[in-house]
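Quick one: the structure is below, and I'll ask about it shortly.
Labels run A, B, C and D following the written order; every chain starts at residue 1.
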Amino acid sequence: MSVRKLTKIFDKDPILQDLDLEVKEGEFFALLGPSGCGKTTTMRCVAGFEEPTEGTIWIGGRQMNGIPAHRRDCGMVFQSYALFPHMTVFDNVAYSLQVRQFYRQGWVRKWRVLARLLHPRLGNVSPEVEQKVMDSLALVELTDLADRLPGQLSGGQQQRVALARAVIMEPKLLLMDEPLSNLDKRLRQSMRRMIRDIQRKLKITTLFVTHDQEEAMSMADRIAVLSEGRLMQVDIPTALYSRPANPFVADFVGSSNLFPGEVLSREEHGSWLTLGNGLHLFTSHPAPGEAVDVLIRPESMTLLPGDGEAEPGGNRLKGRVERGTYLGPNVRYDIRVGEKRLLVDIPYKRGQPLLSEGTAVTLLVEPDRVVVL
Amino acid sequence: MSRFRFWRRWGGLDLLRWSIVLFFLVFLIVPLLSIFLVSLTGEPVNLFGSLVNPAIFQSTVEKLSGASLEGYRDLWEESRYFHALVNSLKLSTGVACWVTLMCIPMAYAFARTDMPGKKWFAALSTVPLVMPTFIAAYAFTLMFGQTGWVNHIWRALGGDGVLFEIKSMLGIILVQVFFFFPYALWPMVAAFKAADGALEEASRNLGAKSGLTFVMVTLSLAVPGILSAMLLVFTISFSDFGTPIIMAPKELNLIVVEAYREIAGFFNWSGSAILTVVMVAVAALFFWLQRWVIKGREYGTISGKPVVTRPVRHKGALAGLMIYTSVVLAVPLLAVGSIFLSSVATTWGHHALPNGYTLRHYATIFHSSTSNIVNSLVLASGALVLSVIIATFISYFVIRRGSAKLDFLSSMPLVVPGIALGIALIQTFNTAPLHLTGTALLLIIAYTIRRMPYMIRSTMGTMMAIRKEMEEASVNLGASPLLAVVTVVGPLLLPGISAGAILVFVTVIKETSITILMAPTSWAPMSLAVFQNLLRGEFYTASAMSILIIAIVVVLQLVARRLTKEQLY
Amino acid sequence: VVGCSGETSQGGAAGAISFYSPETPDMTKELGREYEKNNPGSRVDVQYGGTNVIVNRLIAEKDNPMGDLWYGGGGILPFETAKERAIITSYIPEEIKDWPVERNGIKIRDENWEWVGTEVFVLGFIYNTEKVKKDELPRSWDDLLDPRWKGKFQMPNPAASGTATLTVLSRMMELGEEEGWEFFEKLMDQANAMPDSGSAPSQAVAKGEAEIGVAFDFMAYEMQARGENVDFVVPEKTPILVNPVSLVKDGPNPEGGKAFIDFLLSEEGQRVLADWYHIPIREDVESKTPLSLESVMPHALPLDIDWAVDNYDRIRNEWRSKFE
Amino acid sequence: MSVRKLTKIFDKDPILQDLDLEVKEGEFFALLGPSGCGKTTTMRCVAGFEEPTEGTIWIGGRQMNGIPAHRRDCGMVFQSYALFPHMTVFDNVAYSLQVRQFYRQGWVRKWRVLARLLHPRLGNVSPEVEQKVMDSLALVELTDLADRLPGQLSGGQQQRVALARAVIMEPKLLLMDEPLSNLDKRLRQSMRRMIRDIQRKLKITTLFVTHDQEEAMSMADRIAVLSEGRLMQVDIPTALYSRPANPFVADFVGSSNLFPGEVLSREEHGSWLTLGNGLHLFTSHPAPGEAVDVLIRPESMTLLPGDGEAEPGGNRLKGRVERGTYLGPNVRYDIRVGEKRLLVDIPYKRGQPLLSEGTAVTLLVEPDRVVVL
């Protein structure tokens, strides 16, 4: 699947601008970006619900512009689930299979299928369809709600129905718009696994929108970061995280400490940077120019009590605790250093209380963890 | 988008669209066009005939050569027509507004509450539709006329003269209000059905009491549906001549009556054709107005994250609504009562009650018109099926593809006086290539064309409430747009459809003006029998007939409801 | 030809005849049955509709007529219009080929046989016997202006009803136009309504909505027969005219049409009419109505039909511009 | 706010059973639980949209059963946002204020307000309302979309409107049903902060549903964990995480290694446990009984190469890498130890490649990190 120079304009303001995406056969490709950056719109263009204002869309080597949506064979999980309120969960999921049957069958059975599509009491589905549906309902753990109407489901259940409905048709291209946003962590993980397995098994090219970059990181082969309809960076997860192309990506992918800085002097192993008013850092990375952006990931620092003679080496920044929050496995501290505020994550040690506000601390940063953009 | 791509894009659906357009072209536009030509020539012209038959072609050419615009010139000179137009506008606007306001609470009650006796109320509130307007007017005379029983009571209570002069604008308005309100009621019920309960919850959660919530959310969201219902009543009242013909005071003249007289009294085709053209123009104006108002108000409320809407159960509210509904229904039902009296009356003089009672009239009709009953049912069902199919797709095209022309096209028949439409159809189809005059088929088609607008009005209301994602999802799952409409949009439209179905079926059963002109003897329906009796002043038999029709319709409705647990009310 | 409702196109007297008439359906059907009895194998297809509907239909079908004959229209005026429209054609029934155009002051057939009269209609007053005493009854049209009838009188609207137009025209002929209009100015003040439908006034009278109204004789007598408390007065000078039948131009089965006309004028045909309270054109047939040709003739107002036809539309337009 | 013995039954199957919740004045209380466990239903009962089948609901000391929703003064963010499609973003947010105005005003101005509510062009809002609305739109970063209709917004934008609409009325009780599920991490964090600040500033008692327990942990004063309509545990975040009441909670709150085990012997500092087939662990915690559940958090282990002589002490488990996945700041390894499979999170060291499948490793667990349930 690929998109060339895609531009979409809603009443005069451009939502997508010259978007270029290359998704390889069978690749799991994630779209990442702030709310309102155009992810859904991109998908809708690919699926064929929006006419691109400009640009072309290719699926499996064929140009898709002007090809009706129902002939593009790409399943989609809508952000607003778009379940059929008048059909039971079962029929919602069975829909695509039934439709296919309808087109394949001879006239007599055609009408049977149609009848069923119109009303459950008017006919019943073929055993194999039933089988498939129950299987995929099992995958999303909804077997016992098969006969409910969507209106009687919880948010997460509805979302799972939408998911099952899309994957069951085993499309050439799978478009998923935040398919897991309403699921709890555990369910989300099993769903991720499920999606991944299906995707791997069937080699379905997948375009996956999520607002949760941990999700993107853990699932995607490659990730594209959008901002305001523009492509920021496309890369594999690790690269994206450790070598972001620009401050936006750096900041968006994982929380980060990002400051404008200047190069003071260049030495063989790296260069000295200043963040202004006496904050100096040594980095082992080559600095692109004079005025640079300096990125330090919260987890790439160690926190030492007092002025931390305990451990030598690395860059040392003295500061005070502003507040500490508890993030499950980690503790996050806001540390004030000069005027700057740095986020620091350190693994939570059991029984050890949070450092109280105002405690004097020293931050230790290895030169190779000071990234220069 | 180039025609070619357009075709690839919408495939079967598009085919359908064009065939619908073709249908209207052949059975509506060409006939109306011929009417328009008549307005120039003053003589009938047979367009299809001219295509195949040189002789007819000849005469057509001659007639056209004689065409002139003088008719239209006269129109402007005749101030009378202008007054008539103004009067009609006043009347119809008045009726439309009154009816709309009156129906809102009822519609809500039917759509969103567990009002006790709902089923019966619903069945009964179609009764007014069944009565031909002549009968309705007659019934009102029986009640409010100088010797009407209401006025007898009124005098008994010490009043003098009459409660109000019935042969007046007010009289006409009352009749139309109380006998046309179901036309608006059902589409409005459908509109309220479509609203999403979650939104009302949100509003109440934000501190708005039920009343305010109703106005702000429920009502506002129903506005498109309500408007098109309003338009419906407007056009119906605008083109109804049954009532004025019987009740118009001698000084009040209405445009539809003028048109009727031109053709009934003068056989002045050009005159009545011109007036018809004027009426269509006026209607066009109002349609444009309506579309302009609801433009961009087609917000989907039937979303992909469905929430079950619970019916209102608030005791007080229910009681209130119930009383209100009964009061509103009381008027037409009393009218029916009066009709019933007259149907069992030997004769009914100037006294409050008939002079004597008999079942003779029923005997008469059972003896003479059983076949008519069957005919009516068959014809009505035929028209119904045709309407359901076409209406569903039309409202889809209108709302989703914004083809306003189709909307207007399909709604024109509302204002074309039945007699005009009938004549147009006869003169168009009484020769080869399409020699259909005198066949049941043409009759059914005529019924469909004339009554389908009711269904379209109500389906469109619902259609607007359906989110686009619904069909997108279905298309995305591999269904062609056509199949998507059939399997997803159709079922979601059900409330609208069943609302329209009632209107179509009932009105076809009572349809007179077309029937008189086009019904072949072998297919004469009940309405024809009623009308014959009416015309000969045999009001007792006519009454019996109407009562019979009412009974049949009510029963059918209850049965239908039993069979299909349809969600209309 | 797309299937037409079983019209066997086998013609002739014994074939299918489509018979257009606005007269009481029960009566016309009876006529049909009688005819079928006399001509085995024939099928009479009675097409019912108001006069205007029938005429309009004939006009609409002009290019390919469907009807064979047309009987009745509340007098001769519609037939005169029909002549101009060239939708009827002449036929001389054998039995009456020696009829004069006029018989004691009443035009009984068209000069060139485009229509022939089958019965006689008398325009007069229908009144409610419970509300009106015999001695109050108006003798002439002028008596209608008596205050006694103020707000108690009804007549159909000339703008729509042939019956009413006839009334107007006749008064014009009798009084001359100015006085004629004055008369109607006054008469309109008397009326409490002016419905479009020709039978509505009779209905109103029966119900007591009005006490007296303009109507044709047979309407009143039919109602009376049904038990309504109504009766009929023949004014001193009043329009009396025939109700014609005529052959439709280029009808599908002219022979049948002609045969049916013959039948209408035959004794059997006339008897059927008579039994429905019409005054048959043949003196030799006894009618149920209290009226008879002899009894009504003295009241006949000499009608200049040609004048009527010529001024038909003009008068009616003037009426509308005056009273609307 | 409190809920006593709340039971809700939808057509015969019980959705909520004897639910007891005590939310203190001004507390920020999170509801956590798997999809379909009854969170939304609970909220709807509190808000007054569902009649409890049994049980009572108290807000500010007053019993609420039977009191109509609009008099409960509790703002709610709906899971399906329930935005008014016929009103602009601005009017959606202004709604509650306008409504209040409407009830307060005299007749003349009443109509003005009503007119505005009916159609923006029919009237304009009072300056103070306008001010407030624009402020709260600014808080959710939607100032420039104020005049859009909800239908023209992206999923996340809609959600933020719903959020603004609920908080602007400054209710006594704030109910939020997954208010951040469609927002990207950065936005989510700023929204969290906003919600927290508002909540602190106005001391609004808040009931907060989320599927993301990191969110719950970082925001809530206390957390209640539901499962199938039953209350599992109510506690402060840290306690919930480190001292879960039962396996379900343990498993649900953060990923975990959870095994059935038996007590072998008890010693003064703790006791020896066996997980079967030769897997022995020493824990410093008192064991409640003989058959116990053993919980080891993934991040509470250290991963040593080979048989890890490098570091002494603690429990040592030998195993092999099954797979490693990349979770932003951390790396998660699935380690097979005997038949058991353990999840281990270790901080990601830059440049260091993932351990390849099959690598032999040793897991080091301090006795105090072996939790016994």
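Note that in this section a residue touches a chain if its C-beta (ideal position, glycine included) is under 8 Å from a C-beta of that chain, and two chains touch if they have at least 3 such contacts.
Given the structure is predicted, the values throughout are model-derived calculations rather than measurements.
Counted by C-beta pairs in contact, the busier of B-C and A-B is B-C. Chain B and chain C have Cα centroids lying 35 Å from one another.
If you average the Cα atoms of chain A and of chain D, the two centres end up 20 Å apart. Here the CA centre of chain C is 89 Å from the CA centre of chain D. We define each chain's centre as the mean of its Cα atoms; on that basis chain A and chain B are separated by 54 Å.
Chain contacts: chain A has residues 80, 152, 155 touching two or more partner chains.
For chain B, the set of residues that touch two or more other chains comprises 303, 305, 307. Looking at chain C, no residue sits in touch with two or more other chains.
Interface note: chains touch in the pairs A-B, A-D, B-C, B-D. Interface residues of chain B facing chain C in the complex, by the touch rule stated above, are 43-44, 46, 49, 56, 59, 80, 83, 141-142, 145-147, 167, 244-246, 248-251, 253, 257, 260-261, 263-269, 346-350, 355, 419, 423, 426-427, 430-432, 434-441, 516-517, 520-523, 528, 532, 535-540. Those residues of chain C lying in contact with chain B across their complex are 1-7, 22, 24-25, 45-50, 52-53, 55-57, 59-64, 66, 81, 85, 128, 130-131, 157-162, 165, 188, 191-197, 199-200, 202-203, 206-209, 219, 223, 226-229, 313, 316, 320-321, 323-324. Residues 47, 49, 51, 66-70, 73-76, 78, 80-86, 95-96, 99-100, 102-103, 114, 117-119, 149-152, 155, 158, 162, 165-166, 169 of chain A touch chain B in their complex.
Of all residues in chain A, only 10, 32-36, 39-40, 79-80, 152-157, 160, 177-178, 181-189, 211-214, 217-218, 237-238, 241-242, 251-255, 297-300, 325-330, 345, 347-348, 350-351, 368-369 touch chain D in the complex they form. Interface residues of chain B, counted against chain D in their complex, comprise 196, 198-199, 201-210, 212-213, 215-217, 220-221, 223, 297, 299-301, 303, 305, 307.
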